[in-house]
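First the structure, in the form of C-alpha coordinates, and then the observations on it.
Going in written order, the chains are labelled A, B, C and D, and every chain counts its residues from 1.
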(Lines give C-alpha, C1' and ligand atoms only; values in the text may rest on other atoms or scores of the structure.)
Protein backbone atom coordinates (compact mmCIF):
# COMPACT_ATOMS: atom_id res chain seq x y z
CA UNK A 1 0.00 0.00 0.00
CA UNK A 2 1.43 3.33 -1.08
CA UNK A 3 -0.31 6.58 -0.14
CA UNK A 4 0.91 9.95 -1.40
CA UNK A 5 -0.60 13.24 -0.27
CA UNK A 6 0.51 16.69 -1.42
CA UNK A 7 -1.31 19.35 0.54
CA UNK A 8 -1.35 23.10 1.09
CA UNK A 9 -2.82 22.55 4.58
CA UNK A 10 -0.76 22.22 7.75
CA UNK A 11 -0.72 18.63 9.01
CA UNK A 12 0.02 17.00 12.38
CA UNK A 13 2.73 14.36 11.88
CA UNK A 14 1.90 12.46 15.09
CA UNK A 15 -1.78 12.22 14.16
CA UNK A 16 -1.03 11.08 10.61
CA UNK A 17 1.50 8.54 11.85
CA UNK A 18 -0.97 7.21 14.43
CA UNK A 19 -3.63 6.71 11.70
CA UNK A 20 -1.05 5.03 9.47
CA UNK A 21 0.08 2.77 12.35
CA UNK A 22 -3.50 1.86 13.28
CA UNK A 23 -4.00 0.25 9.87
CA UNK A 24 -1.04 -2.13 10.22
CA UNK A 25 -1.52 -5.88 9.99
CA UNK A 26 -0.29 -8.35 12.61
CA UNK A 27 2.82 -9.30 10.65
CA UNK A 28 4.10 -5.71 10.99
CA UNK A 29 6.96 -5.56 13.47
CA UNK A 30 8.52 -2.28 12.38
CA UNK A 31 7.40 1.27 11.67
CA UNK A 32 10.07 3.78 10.71
CA UNK A 33 9.20 7.40 10.09
CA UNK A 34 10.72 10.75 9.37
CA UNK A 35 9.41 14.29 9.77
CA UNK A 36 11.14 17.25 8.14
CA UNK A 37 10.44 20.62 9.73
CA UNK A 38 10.84 24.16 8.48
CA UNK A 39 13.75 25.35 10.61
CA UNK A 40 13.64 28.81 12.15
CA UNK A 41 17.42 29.07 12.09
CA UNK A 42 19.89 27.81 9.51
CA UNK A 43 23.60 28.50 9.11
CA UNK A 44 22.52 31.35 6.82
CA UNK A 45 20.49 33.05 9.53
CA UNK A 46 16.87 33.44 10.53
CA UNK A 47 14.16 31.84 8.40
CA UNK A 48 10.63 33.17 8.67
CA UNK A 49 8.90 31.08 5.99
CA UNK A 50 9.52 28.51 3.34
CA UNK A 51 7.60 28.53 0.07
CA UNK A 52 7.16 25.23 -1.71
CA UNK A 53 5.91 25.06 -5.29
CA UNK A 54 4.80 21.84 -6.92
CA UNK A 55 3.42 20.73 -10.28
CA UNK A 56 -0.09 19.46 -9.49
CA UNK A 57 -0.69 15.98 -10.86
CA UNK A 58 2.87 15.49 -12.05
CA UNK A 59 4.37 15.84 -8.55
CA UNK A 60 2.02 13.21 -7.07
CA UNK A 61 2.62 10.87 -10.01
CA UNK A 62 6.38 11.26 -9.75
CA UNK A 63 6.38 10.57 -5.99
CA UNK A 64 4.29 7.44 -6.61
CA UNK A 65 6.73 6.35 -9.29
CA UNK A 66 9.67 6.90 -6.91
CA UNK A 67 7.81 5.02 -4.15
CA UNK A 68 7.30 2.03 -6.47
CA UNK A 69 11.01 2.18 -7.28
CA UNK A 70 11.74 1.99 -3.53
CA UNK A 71 9.24 -0.83 -3.07
CA UNK A 72 10.99 -2.90 -5.75
CA UNK A 73 14.14 -2.82 -3.61
CA UNK A 74 12.83 -2.95 -0.03
CA UNK A 75 10.13 -5.27 1.28
CA UNK A 76 7.91 -2.77 3.04
CA UNK A 77 4.19 -3.48 3.39
CA UNK A 78 2.94 0.12 3.53
CA UNK A 79 4.39 3.53 2.75
CA UNK A 80 2.98 6.96 3.51
CA UNK A 81 4.28 10.22 2.05
CA UNK A 82 2.74 13.55 3.04
CA UNK A 83 4.34 16.66 1.56
CA UNK A 84 3.20 20.16 2.26
CA UNK A 85 3.30 22.93 -0.34
CA UNK A 86 2.60 26.68 -0.32
CA UNK A 87 3.86 29.07 2.31
CA UNK A 88 5.11 27.23 5.39
CA UNK A 89 5.95 29.11 8.61
CA UNK A 90 9.09 28.17 10.55
CA UNK A 91 8.40 25.31 12.95
CA UNK A 92 5.75 23.61 10.81
CA UNK A 93 6.20 20.12 9.36
CA UNK A 94 7.05 20.02 5.65
CA UNK A 95 7.23 16.32 5.00
CA UNK A 96 6.34 13.01 6.64
CA UNK A 97 7.51 9.66 5.32
CA UNK A 98 6.59 6.45 7.15
CA UNK A 99 7.01 2.78 6.28
CA UNK A 100 5.80 -0.47 7.80
CA UNK A 101 7.46 -3.83 7.36
CA UNK A 102 7.96 -7.14 9.12
CA UNK A 103 11.54 -6.26 10.15
CA UNK A 104 13.33 -3.00 10.75
CA UNK A 105 15.91 -3.01 7.97
CA UNK A 106 13.37 -2.64 5.15
CA UNK A 107 11.40 0.06 6.98
CA UNK A 108 14.51 2.16 7.64
CA UNK A 109 15.80 1.72 4.09
CA UNK A 110 12.45 2.64 2.54
CA UNK A 111 12.06 5.85 4.57
CA UNK A 112 15.63 6.98 4.01
CA UNK A 113 15.61 6.24 0.32
CA UNK A 114 12.25 7.94 -0.16
CA UNK A 115 13.53 11.05 1.65
CA UNK A 116 16.65 11.09 -0.50
CA UNK A 117 14.52 10.96 -3.64
CA UNK A 118 12.21 13.71 -2.36
CA UNK A 119 15.24 15.97 -1.92
CA UNK A 120 16.51 15.53 -5.46
CA UNK A 121 13.97 13.84 -7.74
CA UNK A 122 10.48 14.96 -6.80
CA UNK A 123 9.07 18.05 -8.53
CA UNK A 124 9.18 20.61 -5.74
CA UNK A 125 10.81 24.03 -5.67
CA UNK A 126 11.69 25.59 -2.38
CA UNK A 127 12.31 29.22 -1.47
CA UNK A 128 13.50 30.31 1.95
CA UNK A 129 12.49 33.76 3.16
CA UNK A 130 14.06 35.65 6.06
CA UNK A 131 14.58 39.24 7.16
CA UNK A 132 17.24 39.65 4.43
CA UNK A 133 15.05 38.49 1.56
CA UNK A 134 14.33 35.21 -0.17
CA UNK A 135 16.45 32.64 -1.99
CA UNK A 136 15.74 29.45 -3.91
CA UNK A 137 17.11 26.27 -2.33
CA UNK A 138 18.60 23.60 -4.54
CA UNK A 139 19.79 20.13 -3.53
CA UNK A 140 23.25 20.07 -1.96
CA UNK A 141 26.13 17.97 -3.26
CA UNK A 142 25.49 15.78 -0.21
CA UNK A 143 21.87 15.29 -1.31
CA UNK A 144 23.02 14.23 -4.77
CA UNK A 145 25.65 11.91 -3.27
CA UNK A 146 23.05 10.19 -1.08
CA UNK A 147 20.77 9.71 -4.08
CA UNK A 148 23.64 8.18 -6.08
CA UNK A 149 24.05 5.52 -3.37
CA UNK A 150 20.67 4.11 -4.33
CA UNK A 151 21.84 3.63 -7.88
CA UNK A 152 19.10 5.92 -9.17
CA UNK B 1 19.29 15.60 25.70
CA UNK B 2 18.98 11.85 26.18
CA UNK B 3 15.90 10.35 27.81
CA UNK B 4 15.61 6.63 28.57
CA UNK B 5 12.45 5.02 29.91
CA UNK B 6 12.00 1.33 30.72
CA UNK B 7 8.41 0.62 31.62
CA UNK B 8 6.07 -2.26 32.33
CA UNK B 9 3.12 -0.10 31.22
CA UNK B 10 1.75 -0.02 27.66
CA UNK B 11 2.67 3.23 25.90
CA UNK B 12 1.28 5.08 22.89
CA UNK B 13 4.14 5.72 20.43
CA UNK B 14 2.35 8.56 18.61
CA UNK B 15 1.65 10.40 21.86
CA UNK B 16 5.21 9.97 23.12
CA UNK B 17 6.63 11.09 19.78
CA UNK B 18 4.33 14.14 19.74
CA UNK B 19 5.55 15.16 23.23
CA UNK B 20 9.16 14.61 22.17
CA UNK B 21 8.61 16.64 18.98
CA UNK B 22 6.88 19.47 20.86
CA UNK B 23 10.06 20.12 22.84
CA UNK B 24 12.27 20.63 19.77
CA UNK B 25 14.15 23.88 19.23
CA UNK B 26 13.94 25.97 16.07
CA UNK B 27 17.20 24.61 14.64
CA UNK B 28 15.65 21.14 14.46
CA UNK B 29 14.91 20.22 10.87
CA UNK B 30 14.69 16.45 11.25
CA UNK B 31 12.95 13.94 13.47
CA UNK B 32 13.49 10.26 12.73
CA UNK B 33 11.74 7.60 14.73
CA UNK B 34 11.19 3.88 14.94
CA UNK B 35 8.53 1.78 16.65
CA UNK B 36 8.96 -1.95 17.12
CA UNK B 37 5.75 -3.92 17.62
CA UNK B 38 5.05 -7.34 19.02
CA UNK B 39 4.05 -9.24 15.88
CA UNK B 40 1.07 -11.58 15.95
CA UNK B 41 2.57 -13.75 13.23
CA UNK B 42 6.17 -14.67 12.59
CA UNK B 43 7.69 -17.25 10.24
CA UNK B 44 7.50 -19.64 13.20
CA UNK B 45 3.74 -19.27 13.57
CA UNK B 46 1.26 -17.44 15.77
CA UNK B 47 2.55 -15.33 18.65
CA UNK B 48 0.21 -14.52 21.49
CA UNK B 49 2.55 -12.67 23.85
CA UNK B 50 6.12 -11.61 24.28
CA UNK B 51 7.76 -11.53 27.69
CA UNK B 52 10.62 -9.11 28.21
CA UNK B 53 12.87 -9.30 31.25
CA UNK B 54 15.29 -6.56 32.19
CA UNK B 55 17.81 -5.84 34.94
CA UNK B 56 16.41 -2.83 36.79
CA UNK B 57 18.97 -0.07 37.11
CA UNK B 58 21.60 -1.80 35.00
CA UNK B 59 19.40 -1.90 31.88
CA UNK B 60 18.66 1.84 32.03
CA UNK B 61 22.32 2.65 32.73
CA UNK B 62 23.49 0.48 29.82
CA UNK B 63 21.02 2.07 27.39
CA UNK B 64 22.22 5.52 28.49
CA UNK B 65 25.81 4.44 27.97
CA UNK B 66 24.96 3.13 24.47
CA UNK B 67 23.09 6.37 23.72
CA UNK B 68 26.14 8.44 24.67
CA UNK B 69 28.21 6.21 22.41
CA UNK B 70 25.80 7.00 19.55
CA UNK B 71 25.86 10.71 20.39
CA UNK B 72 29.65 10.78 20.13
CA UNK B 73 29.31 9.68 16.48
CA UNK B 74 26.16 11.42 15.29
CA UNK B 75 25.22 15.05 15.91
CA UNK B 76 21.69 14.63 17.18
CA UNK B 77 20.24 17.21 19.57
CA UNK B 78 17.79 14.94 21.40
CA UNK B 79 17.24 11.21 21.72
CA UNK B 80 14.31 9.35 23.25
CA UNK B 81 14.28 5.62 24.03
CA UNK B 82 11.20 3.96 25.51
CA UNK B 83 11.38 0.21 26.04
CA UNK B 84 8.59 -1.87 27.43
CA UNK B 85 9.16 -4.89 29.66
CA UNK B 86 6.94 -7.57 31.19
CA UNK B 87 4.26 -9.46 29.32
CA UNK B 88 3.40 -7.74 26.02
CA UNK B 89 0.38 -8.84 23.98
CA UNK B 90 0.72 -9.15 20.19
CA UNK B 91 0.08 -5.83 18.50
CA UNK B 92 1.47 -3.65 21.30
CA UNK B 93 4.52 -1.44 20.90
CA UNK B 94 7.71 -2.81 22.45
CA UNK B 95 10.17 -0.05 21.69
CA UNK B 96 10.26 3.55 20.48
CA UNK B 97 13.45 5.32 19.50
CA UNK B 98 13.33 8.90 18.21
CA UNK B 99 16.05 11.43 17.42
CA UNK B 100 16.07 15.12 16.53
CA UNK B 101 18.80 16.88 14.64
CA UNK B 102 19.38 19.81 12.30
CA UNK B 103 19.65 17.55 9.24
CA UNK B 104 18.26 14.13 8.42
CA UNK B 105 21.45 12.05 8.15
CA UNK B 106 22.32 12.29 11.86
CA UNK B 107 18.75 11.61 12.96
CA UNK B 108 18.46 8.48 10.79
CA UNK B 109 21.89 7.20 11.85
CA UNK B 110 21.19 7.75 15.55
CA UNK B 111 17.88 5.89 15.48
CA UNK B 112 19.20 2.97 13.45
CA UNK B 113 22.35 2.58 15.49
CA UNK B 114 20.43 2.80 18.77
CA UNK B 115 18.01 0.10 17.55
CA UNK B 116 20.91 -2.12 16.51
CA UNK B 117 22.45 -1.77 19.98
CA UNK B 118 19.12 -2.49 21.68
CA UNK B 119 18.91 -5.76 19.75
CA UNK B 120 22.31 -7.02 20.81
CA UNK B 121 23.83 -4.95 23.63
CA UNK B 122 21.09 -3.82 26.00
CA UNK B 123 20.23 -6.09 28.94
CA UNK B 124 16.87 -7.48 27.85
CA UNK B 125 15.73 -11.08 27.50
CA UNK B 126 12.82 -11.91 25.28
CA UNK B 127 10.55 -14.92 25.27
CA UNK B 128 7.90 -15.50 22.61
CA UNK B 129 4.80 -17.47 23.57
CA UNK B 130 2.31 -19.02 21.18
CA UNK B 131 -0.13 -21.92 21.07
CA UNK B 132 2.82 -24.35 20.83
CA UNK B 133 4.67 -23.08 23.90
CA UNK B 134 7.33 -20.51 24.58
CA UNK B 135 10.89 -19.98 23.37
CA UNK B 136 13.68 -17.55 24.21
CA UNK B 137 14.70 -15.22 21.38
CA UNK B 138 18.35 -14.41 20.87
CA UNK B 139 19.87 -11.92 18.44
CA UNK B 140 20.17 -13.22 14.88
CA UNK B 141 23.42 -13.32 12.95
CA UNK B 142 21.99 -10.38 11.00
CA UNK B 143 21.56 -8.42 14.24
CA UNK B 144 25.19 -9.09 15.17
CA UNK B 145 26.34 -8.16 11.67
CA UNK B 146 24.50 -4.81 11.85
CA UNK B 147 26.04 -4.07 15.24
CA UNK B 148 29.53 -4.85 13.87
CA UNK B 149 29.03 -2.16 11.23
CA UNK B 150 29.06 0.48 13.95
CA UNK B 151 32.46 -0.69 15.12
CA UNK B 152 31.08 -1.53 18.55
CA UNK C 1 -3.27 25.54 -27.69
CA UNK C 2 -0.25 24.68 -25.56
CA UNK C 3 0.23 25.55 -21.90
CA UNK C 4 3.72 26.59 -20.84
CA UNK C 5 4.51 26.16 -17.15
CA UNK C 6 7.38 27.72 -15.22
CA UNK C 7 8.55 26.78 -11.72
CA UNK C 8 10.89 28.05 -9.03
CA UNK C 9 13.27 30.78 -10.06
CA UNK C 10 12.06 30.62 -13.67
CA UNK C 11 8.77 32.02 -12.43
CA UNK C 12 10.65 35.02 -11.06
CA UNK C 13 12.04 35.63 -14.55
CA UNK C 14 8.76 35.26 -16.44
CA UNK C 15 6.66 36.98 -13.81
CA UNK C 16 3.97 34.35 -14.35
CA UNK C 17 3.45 30.68 -13.55
CA UNK C 18 1.80 29.61 -16.78
CA UNK C 19 0.75 30.90 -20.18
CA UNK C 20 -1.38 29.38 -22.92
CA UNK C 21 -0.19 29.98 -26.43
CA UNK C 22 -0.68 28.79 -29.98
CA UNK C 23 2.73 27.46 -31.03
CA UNK C 24 3.77 28.55 -34.55
CA UNK C 25 3.72 25.61 -36.99
CA UNK C 26 7.49 25.65 -37.53
CA UNK C 27 8.15 24.80 -33.85
CA UNK C 28 8.65 21.04 -33.91
CA UNK C 29 11.09 20.33 -31.09
CA UNK C 30 12.10 21.58 -27.64
CA UNK C 31 15.11 23.22 -29.31
CA UNK C 32 12.79 25.18 -31.64
CA UNK C 33 10.71 26.24 -28.65
CA UNK C 34 13.79 27.44 -26.78
CA UNK C 35 14.82 29.57 -29.75
CA UNK C 36 11.29 30.97 -30.03
CA UNK C 37 11.15 31.88 -26.31
CA UNK C 38 14.67 33.37 -26.41
CA UNK C 39 13.73 35.61 -29.30
CA UNK C 40 10.82 37.13 -27.41
CA UNK C 41 12.55 37.19 -24.00
CA UNK C 42 16.35 36.76 -23.94
CA UNK C 43 16.42 36.62 -20.11
CA UNK C 44 13.98 33.72 -20.14
CA UNK C 45 15.96 32.05 -22.94
CA UNK C 46 19.07 32.23 -20.78
CA UNK C 47 17.27 31.08 -17.62
CA UNK C 48 15.83 27.96 -19.26
CA UNK C 49 19.22 27.14 -20.78
CA UNK C 50 20.84 27.11 -17.34
CA UNK C 51 22.43 23.95 -15.99
CA UNK C 52 19.96 21.62 -14.29
CA UNK C 53 16.81 23.00 -15.93
CA UNK C 54 14.65 20.10 -17.13
CA UNK C 55 11.74 20.08 -19.53
CA UNK C 56 8.64 17.89 -19.35
CA UNK C 57 6.15 17.50 -22.18
CA UNK C 58 2.67 16.34 -21.17
CA UNK C 59 3.97 15.55 -17.67
CA UNK C 60 6.79 13.35 -18.87
CA UNK C 61 10.47 14.32 -18.60
CA UNK C 62 12.26 14.94 -21.91
CA UNK C 63 15.59 13.23 -22.38
CA UNK C 64 16.93 15.83 -24.82
CA UNK C 65 16.03 18.91 -26.86
CA UNK C 66 15.17 16.93 -29.98
CA UNK C 67 11.92 15.65 -28.52
CA UNK C 68 8.82 16.71 -30.33
CA UNK C 69 6.38 19.32 -29.08
CA UNK C 70 3.84 18.71 -31.85
CA UNK C 71 1.32 16.95 -29.56
CA UNK C 72 2.24 19.00 -26.52
CA UNK C 73 -0.71 20.17 -24.47
CA UNK C 74 1.57 21.10 -21.57
CA UNK C 75 5.28 21.97 -21.53
CA UNK C 76 6.97 22.57 -18.19
CA UNK C 77 10.35 24.19 -17.51
CA UNK C 78 11.76 23.06 -14.20
CA UNK C 79 14.89 24.27 -12.39
CA UNK C 80 16.64 21.76 -10.10
CA UNK C 81 14.10 19.97 -7.93
CA UNK C 82 14.25 20.30 -4.17
CA UNK C 83 11.65 18.84 -1.88
CA UNK C 84 11.66 17.35 1.60
CA UNK D 1 25.68 -11.19 51.76
CA UNK D 2 25.75 -11.43 47.98
CA UNK D 3 22.74 -11.37 45.67
CA UNK D 4 22.87 -13.70 42.68
CA UNK D 5 20.66 -12.74 39.73
CA UNK D 6 19.60 -14.96 36.83
CA UNK D 7 17.93 -13.83 33.60
CA UNK D 8 16.23 -15.31 30.57
CA UNK D 9 16.59 -19.03 30.11
CA UNK D 10 18.89 -19.28 33.15
CA UNK D 11 15.87 -18.39 35.26
CA UNK D 12 14.08 -21.44 33.83
CA UNK D 13 16.98 -23.59 35.04
CA UNK D 14 17.20 -22.14 38.54
CA UNK D 15 13.48 -21.74 39.01
CA UNK D 16 14.11 -18.38 40.65
CA UNK D 17 15.19 -14.88 39.58
CA UNK D 18 17.47 -14.06 42.49
CA UNK D 19 18.92 -15.51 45.66
CA UNK D 20 20.89 -13.94 48.50
CA UNK D 21 23.69 -15.99 49.88
CA UNK D 22 26.78 -15.74 52.05
CA UNK D 23 29.67 -16.69 49.76
CA UNK D 24 32.17 -19.09 51.38
CA UNK D 25 35.50 -17.33 52.12
CA UNK D 26 37.43 -19.42 49.59
CA UNK D 27 35.40 -18.07 46.67
CA UNK D 28 37.58 -15.28 45.31
CA UNK D 29 36.83 -15.16 41.58
CA UNK D 30 34.04 -15.75 39.09
CA UNK D 31 35.73 -19.10 38.27
CA UNK D 32 35.48 -20.14 41.93
CA UNK D 33 31.83 -19.15 42.01
CA UNK D 34 31.08 -21.17 38.87
CA UNK D 35 32.64 -24.26 40.48
CA UNK D 36 30.67 -23.67 43.67
CA UNK D 37 27.36 -23.32 41.79
CA UNK D 38 28.12 -26.38 39.59
CA UNK D 39 28.75 -28.50 42.65
CA UNK D 40 25.35 -27.73 44.11
CA UNK D 41 23.47 -27.70 40.76
CA UNK D 42 25.23 -29.28 37.75
CA UNK D 43 22.45 -28.16 35.36
CA UNK D 44 22.96 -24.57 36.43
CA UNK D 45 26.74 -24.96 36.17
CA UNK D 46 26.32 -26.12 32.59
CA UNK D 47 23.78 -23.40 31.73
CA UNK D 48 26.02 -20.58 32.96
CA UNK D 49 28.99 -22.06 31.10
CA UNK D 50 27.09 -21.93 27.80
CA UNK D 51 28.37 -19.78 24.95
CA UNK D 52 27.24 -16.16 25.17
CA UNK D 53 26.46 -16.11 28.88
CA UNK D 54 27.96 -12.99 30.46
CA UNK D 55 28.57 -12.13 34.09
CA UNK D 56 28.25 -8.72 35.71
CA UNK D 57 29.56 -7.90 39.18
CA UNK D 58 27.96 -4.91 40.88
CA UNK D 59 26.26 -3.95 37.59
CA UNK D 60 29.48 -3.94 35.58
CA UNK D 61 30.29 -6.54 32.92
CA UNK D 62 33.19 -8.86 33.73
CA UNK D 63 35.83 -9.31 31.05
CA UNK D 64 36.88 -12.78 32.21
CA UNK D 65 36.47 -15.38 34.94
CA UNK D 66 39.47 -14.16 36.94
CA UNK D 67 37.65 -11.07 38.16
CA UNK D 68 37.20 -10.85 41.89
CA UNK D 69 33.90 -11.39 43.65
CA UNK D 70 35.22 -10.35 47.07
CA UNK D 71 33.36 -7.02 47.12
CA UNK D 72 30.41 -8.31 45.14
CA UNK D 73 27.04 -7.19 46.45
CA UNK D 74 25.33 -8.33 43.24
CA UNK D 75 26.42 -10.92 40.66
CA UNK D 76 24.29 -11.37 37.54
CA UNK D 77 24.36 -14.23 35.03
CA UNK D 78 23.05 -13.13 31.66
CA UNK D 79 22.37 -15.21 28.54
CA UNK D 80 22.66 -13.43 25.15
CA UNK D 81 20.90 -10.07 25.30
CA UNK D 82 17.97 -9.41 23.03
CA UNK D 83 15.90 -6.25 23.22
CA UNK D 84 14.08 -4.10 20.70
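FYI, a residue touches a chain if its C-beta (ideal position, glycine included) is under 8 Å from a C-beta of that chain, and two chains touch if they have at least 3 such contacts.
Owing to the predicted nature of the structure, the values given are computational and were not obtained by experimental measurement.
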Connected chain clusters in the absence of chain A: B, D | C
item	value
Centroid comparison with chain A (C-alpha atoms), farthest chain	D
Rounded Å distance, chain C centre to chain D centre (Cα mean)	74
Chain A and chain B, separation of their C-alpha mean positions in angstrom	23
Rounded Å distance between chain B and chain C, as computed from the means of their C-alpha atoms	49
Intercentroid distance (Cα basis), chain D paired with chain B, Å	27
Contacts with 2+ other chains: residues of chain B	36, 104, 115
Multi-chain contact residues (two or more partners), chain D	84
Inter-chain touch pairs (all)	A-B, A-C, B-D
Of all residues in chain C, those that touch chain A in their complex	5, 7-9, 11, 52, 56, 59, 76, 78-84
Chain B to chain D touching residues, read off their complex	36, 52-53, 55, 57-58, 61, 83, 94-95, 115, 118-127, 136-139
Chain A to chain B touching residues, read off their complex	12-15, 17-18, 21, 24, 26-42, 90-91, 102, 104-105, 107-108, 111-112, 115, 142, 146
